[in-house]
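Sending over a structure as C-alpha cells; questions will come in a sec.
Just so it is clear, A, B, C and D label the chains in written order, and each chain counts residues from 1 on its own.
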Amino acid sequence: MIKIGVIGAGRIGKMHTENICYNVPKANVVSVADPLMTDDIVKWANSLGISQCYKDYKDIIKDKEIGAVLICSSTNTHASISIEAIQASKHVFCEKPVDLSIDKIMEVINALQGKDLKYQVGFNRRFDHNFKAVRNSIKNGKIGDPHIMKITSRDPSPPPIEYVKVSGGLFLDMSIHDFDMARYLVNSDVEEVYAQADILIDEEIGNVGDVDTALISMKMENGTLAVIDNSRKAVYGYDQRVEVFGSNGMITSGNDTPSTVVLSNTQGIIKEKPLYFFLERYMDSFKEEINEFVNAIIEDRPVSVSIYDGLNSVVIGMAAQKSLKERHPVKISELKW
Amino acid sequence: MIKIGVIGAGRIGKMHTENICYNVPKANVVSVADPLMTDDIVKWANSLGISQCYKDYKDIIKDKEIGAVLICSSTNTHASISIEAIQASKHVFCEKPVDLSIDKIMEVINALQGKDLKYQVGFNRRFDHNFKAVRNSIKNGKIGDPHIMKITSRDPSPPPIEYVKVSGGLFLDMSIHDFDMARYLVNSDVEEVYAQADILIDEEIGNVGDVDTALISMKMENGTLAVIDNSRKAVYGYDQRVEVFGSNGMITSGNDTPSTVVLSNTQGIIKEKPLYFFLERYMDSFKEEINEFVNAIIEDRPVSVSIYDGLNSVVIGMAAQKSLKERHPVKISELKW
Amino acid sequence: MIKIGVIGAGRIGKMHTENICYNVPKANVVSVADPLMTDDIVKWANSLGISQCYKDYKDIIKDKEIGAVLICSSTNTHASISIEAIQASKHVFCEKPVDLSIDKIMEVINALQGKDLKYQVGFNRRFDHNFKAVRNSIKNGKIGDPHIMKITSRDPSPPPIEYVKVSGGLFLDMSIHDFDMARYLVNSDVEEVYAQADILIDEEIGNVGDVDTALISMKMENGTLAVIDNSRKAVYGYDQRVEVFGSNGMITSGNDTPSTVVLSNTQGIIKEKPLYFFLERYMDSFKEEINEFVNAIIEDRPVSVSIYDGLNSVVIGMAAQKSLKERHPVKISELKW
Amino acid sequence: MIKIGVIGAGRIGKMHTENICYNVPKANVVSVADPLMTDDIVKWANSLGISQCYKDYKDIIKDKEIGAVLICSSTNTHASISIEAIQASKHVFCEKPVDLSIDKIMEVINALQGKDLKYQVGFNRRFDHNFKAVRNSIKNGKIGDPHIMKITSRDPSPPPIEYVKVSGGLFLDMSIHDFDMARYLVNSDVEEVYAQADILIDEEIGNVGDVDTALISMKMENGTLAVIDNSRKAVYGYDQRVEVFGSNGMITSGNDTPSTVVLSNTQGIIKEKPLYFFLERYMDSFKEEINEFVNAIIEDRPVSVSIYDGLNSVVIGMAAQKSLKERHPVKISELKW
C-alpha cells in the first residue's frame, strides 16, 4: 500500500483523490493540501476518510509516511513543488504542463538524476480506450507504416476569459494534449511544426493575446505527415477523433456517446452527440492513469508518461507559437534545450 | 435484337419502356398498348422512337414481329393476357402479382407447358444491389446455416384509398415482395405462416377491409425462423432492410440514402433519410430485371424469377390472410394447389 | 446508511457486493451467506471489509441490524427466502426469476401485503443506458404511438449443458429479460404470445428438452406488434439491440463496443465486435439497479422493478412454452393467476 | 439539339461520348477525332450511331454544324485546341487541367474575351451527390461560418510510372481536384498554401521527380483554415471524404460503397470498402457535368465550372510546388498572373 498526498484540491485534485479512494486498491490518500483549505474541502476529505487537511503543501512534503504526491496545484508551482518532492524522495504524479519554461522542466529533470523515483505527467488521454486501441493497432502493424495522421480536438465551449489569460495560450493549454497524442500514436518525435491559427469564435480571446482556432501541420521523425485541428467551440460537443493512414490501411477512432440510440424521424436519422465534457469523456482514462502510476511504483517499472514526454509537448507548443508568430515552419531542433 | 411490345402505359409500363430504350442495348420497344391511349402517351412514345400506339393489346399479341411482351396492365388482366401471349409464342415479362387466384396462375403455368418460352415475374427487388449482396453472402457460406431472418419493409405513406380497395390487401399487394425476398435470401420455401396485423395508421384502410401494419412470422423449409414487418407509413421514408443471422455470423443490409452527408449540430449527429420513393430506391433494380429478362431470352437460359416464384408469393400471402382471419398459424401445404 | 446482507456468494452475488462497496455510498454490506462458505469467499469478503461470513442465510435473516437482503442464491430458493426475509421485515432485492411457479410468486406477493417493504427484482437491463434512452424517447413521444417493436437478444455462446438442464428453459432463463424489456419499453402488458423455436445450434440442448433458437411474436395490450428473437450462439458476440417503430418515427439502440475504433484495409471497413460478455455489457446497469434499490428504501419511493414485473415475465415465458408445445398463439389471460 | 464533336477518344473521351448518347437528351455526338483513330474506335463510334471518325481534330473544328467540342486529348494540346475551337465559335468543354502554364491559360481566357461562348472545365466532382450536398448545406448556413475544412483524397493505387512522368506532378494531377473542391465547398479563394510531401509508397515515383503522399495546409480568403491530404495508394480503395467545421456545426461526407451490406462475424463488424475506381465512384457526376454543360449552352446561362476555376486550381498547385521546394508557406498573390 502506498500512502499518497494530494497537493491542490481543485476540480482535478478532487477527481484524482476520489478515483484513488474508489478505484485504486493499492493506494490510500492520507492527506490533502490546498492554500484555500475551506470547510467544504475538509468535509469532502473527511467523507473519503482523509483526516489530514493542510493549507501548506510542505506539510505533505515533510511527512515521512507519504510515498508519493499528486501535484494538482496551479501550473506556475508545478516545477518547484516537483523538485521539493523529489528531494524528499517522493514519487511524483504531476498535472500537465510541468511548466511553461523549458529551463524549469530541465531543473526537474536534473533533480531526478540519480534518484530512483517515478515521475509521471498527467497526459490522461494515453489511457483512453479509443486512443490505446489505435496505438496498439499501429504498433501491431495493422496499418503498416504510418503515412498521414489527423487529430481532431475541439472543445465544446471556450473557457472563461480569466482562465484563457493565464492558460499559456491555446497551444500550451489545449493542443499540448494533441502534441503528446501525435507522439504516442505513431511512437515518434516531431521534427517540424507549421501552425496556422486565428480568432474566429470570440474576439475577447484575441484581446487577451490568444487564438481560438488552429490548424497545426507537423512532420514526425519517422516520416509521418501529421495535422492537428483545434477549436475552442464545437457546438455539437467535445470532439476528439484521430485518423492514422498507412501503407496497409487506415485506423480511426470516433467520439464516445451517452448511448447508441438512433432516432429516425422526418428530420433525418439522428444519433447522439459526443459526451459533452472532458471529465465525462475521459473519466475512465483518469482512473487508469492513476492506477498505472501506483502500479509503476509498486512493481518498479517505468511510468507510461515520463517527464521527457512532458518536456516534448511543451517544446512542440513553443515551436507552434514561434511558427505562428514568424509565419514559417519551425524545426524542433531550432529550440534550444 | 428483340422486339418488345409493352401492354399498359401507366407508371410502371412507362418506366420499363424508358429503361429498355436507354439501358437495354439488345432490345427495342416497338409498340405500346393502353386502353386509354391518350395524346400524351402517344407523344411520350414517339419521343422514344416508338411509333405503334394501340388501344387494344391484341394488336401487340398478333404482331408476328414482336418476340416478347411486358404485361403492365391491371392485375385482373395479367393471367388472361399472359395466356394469349403464350399462345402467340411470345416471351412474357409480367408485373406482380400474376393473379390473386391460385387457379388462374395454374392456368398460366399450364399454358406454358411444352412451350419453349421465358416467363418472368416482376419481383425487381431480387436485382437490388443490397439484397443481391446479402443473398450472395449467404450462398457463399459467409454466415453458415441461416437461423433467423428479419425483413423490414415499410412504405413512406399509404396509397390512395381507391388503390387500397382493389389492391388485394396488404399481404398480396405489399408483403408479397417480402415473401419473395424471404424465399430468395435463404433459397428455401416457406413451410408455415403466422400473421398478426392491425389498423394503426388510418381507419379508412380498415373501413375498406384492409390492414396497415403487420408482423408475419414464418418457418422456412430449411429451418430458418423468419419475421417480416410491414407498415404503410414510415414518416422517415421508405424503409427496406434485411438481417439474416446464422451459425457463423450475421449479414444485414440498410437503406440507400441520397448522399453520405452527416450534419453535426446542437440537435445531434444527423444522417440523411432513406430514399423516399420506391422508384428512386429500386431504379437500378428495375433496369437490371429487364436486362436480365432480355438476356435470358437471347442466351436461352432460365429467368431469374419464374412463374413458380410468382405463384409461391401469392400462396404465402393467402396463408397469411387465412392466419390473420383464423388466428392460428397456417401451413402452406394446407392451401390446395 | 442501510446495512445489507447478501445471500448467495456466486458470480452475481459477488458482483452486487463489490458494486455496493465501491459505488453505493449509502449502503454497507455487513454480512454474506453461502452454503459453501469457502476460505476463498471469506478472504474475498474480508478484503472488502465484510467480517460476517455465514453458511446459513438464516443468520442474516435474524440479524436485526440488517435492513435489506440481496437474494442471489439458486432460483428454487428465491421464493422461500424472500418470504422469510419479508417476515423479518427486511427489504428484498431478488435475482430473476423470482420463481418458476406462479403459485410461489403469488405467495411472495401475499407475504408483502400490508408490509411497508421494498421488493425489487433483478431485471438490470432496465437500467442500461441504451434501453433507458429508448424508453425515455418513447415516453416523451418522440416516435408517437408505438406500432412495431423488435428485440434482438443473442448470447455469444451456450451455457454449460448442466446449467441448461436446471435453467427452466430458454424462455424462462433467457427470453425472460426480453419479455420484461418489451413491457418496459412501450409501458404496456402483453396480451398474446406465439412462439417458434428450434434446436439449430447444439443437439445436446435438445437432448435435455430445451431449444436454442427462438422467434417470439407478441401482441401488446396497447396494440404494439412485437417480436423477440433469441439465439444461444452469436459468433460475433453478445447481441442486444432493440427497434421500436411508431406513428412519428423509429428509435433503435445498438450494441456497445470496447472502442470506437474502425480499421480500413483490404478486407473491408471493420468495426469492433460488441462487448462479449453480459457482465461487461451490463456492468453499469448492475451498479445502477442496486443504487436505485438503496435509494428507493432511503427515499421511501416505489422500486423500479416490482414483484409484479417479476411475475409478468414468468407468465409470459409460460405462455411462450405453451404456444411452442401446442403450436398456436396463447393469450396471457389463458394462464390462471 | 446541340451537335457535339469529341476530340480525343481515350478512356475519358469515350466515357463522355457514351454519357451524352445515353443520358443527355438535348445533345448528339456527331463526330469523334483521335490521332490514333483505330478500327476499334470506329467500331465503337458506329455502335453509338456516330459516323464521322477523324484522325485530325481540325476536321471537327471546321465543321460548321458542330456547336460544341469536348477536349479530351492530352493536356499539352488543351490550350491550343481550345483557342482554335473558340475562334471557330464553338462552345468548349475542356478536361482538367486546362494547361500546366499560367500564360497559356491566360491566352485561352483572352481568346474568350468578347465571344459569347461557354467554356467549362472538367472538375466533375462539383457534380457529385455528396460534395454538392456539403456545399449546399454550407451555403444554406447549416454550419454557420466555416472555420476548418479537411479534404481527404486518396487513390487506390499509383498510376503507371510513364503516366507519372508526364502528369505534371501530384499537385497538378491529383491535388488539383481538391484545390477546386476547397474553393467550391466554402465558396472562397485560397490566400496561402503550405505543402508537405514525401515519397512513402514507391521510390520509382521519386526517381521521376514526383511525390506520392502530401499534406497541404491552406488559408482561404474567408478565413477558413484548410488541409488536404493525398496519397497515391489507399489499400482499402478510393478514399474521398470532406469535413467542414463551422461556428454552428460540422458537415461531413463519406465514401460511396457498392452496397449497404454489413457482415458480423468473429473478425468484427465489416462494411464494404469504398467504390474502388474513380469512374465508378464519380459515374453520376460525369453524367451530370456534361448535362450541365449542354443545358448552360441551351439556356444561355453561366457554366458551373469556369475557366477561372480552371486557372485557380493550377495556380494553387504551383504555389504548393513552390512551397514544397522552398519549405515555407506561399501566398497565391506571389505568383504572377
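To be clear about the criterion, a residue touches a chain if its C-beta (ideal position, glycine included) is under 8 Å from a C-beta of that chain, and two chains touch if they have at least 3 such contacts.
All figures in this text were calculated on a predicted structure; none of them were measured in a lab.
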item: Touching subunit A and also subunit B, the following chains; value: C, D
item: Chain pair among B-D, C-D or A-D whose interface repeats that of A-B, sharing over half of the contact pairs by residue number; value: C-D
item: Greatest separation from subunit B - chain, by CA centre; value: A
item: Rounded Å distance between subunit A and subunit C, as computed from the means of their C-alpha atoms; value: 40
item: Inter-centroid spacing, subunit C versus subunit B (mean Cα positions, whole Å); value: 43
item: In subunit C, residues with contacts to at least two other chains; value: 234-236, 248-250, 263-266, 272
item: Contacting residues of subunit C [partner subunit A, same complex]; value: 22-23, 129-130, 132-134, 137, 142-143, 248-256, 258-266, 272
item: Contact set on subunit C toward subunit D in their complex; value: 234-236, 263-273
item: Contacting residues of subunit D [partner subunit A, same complex]; value: 145, 147-148, 150, 154, 194, 196-198, 200-201, 213-215, 217, 219, 223, 225-227, 229, 231, 233-236, 239, 245, 247-250, 327-329
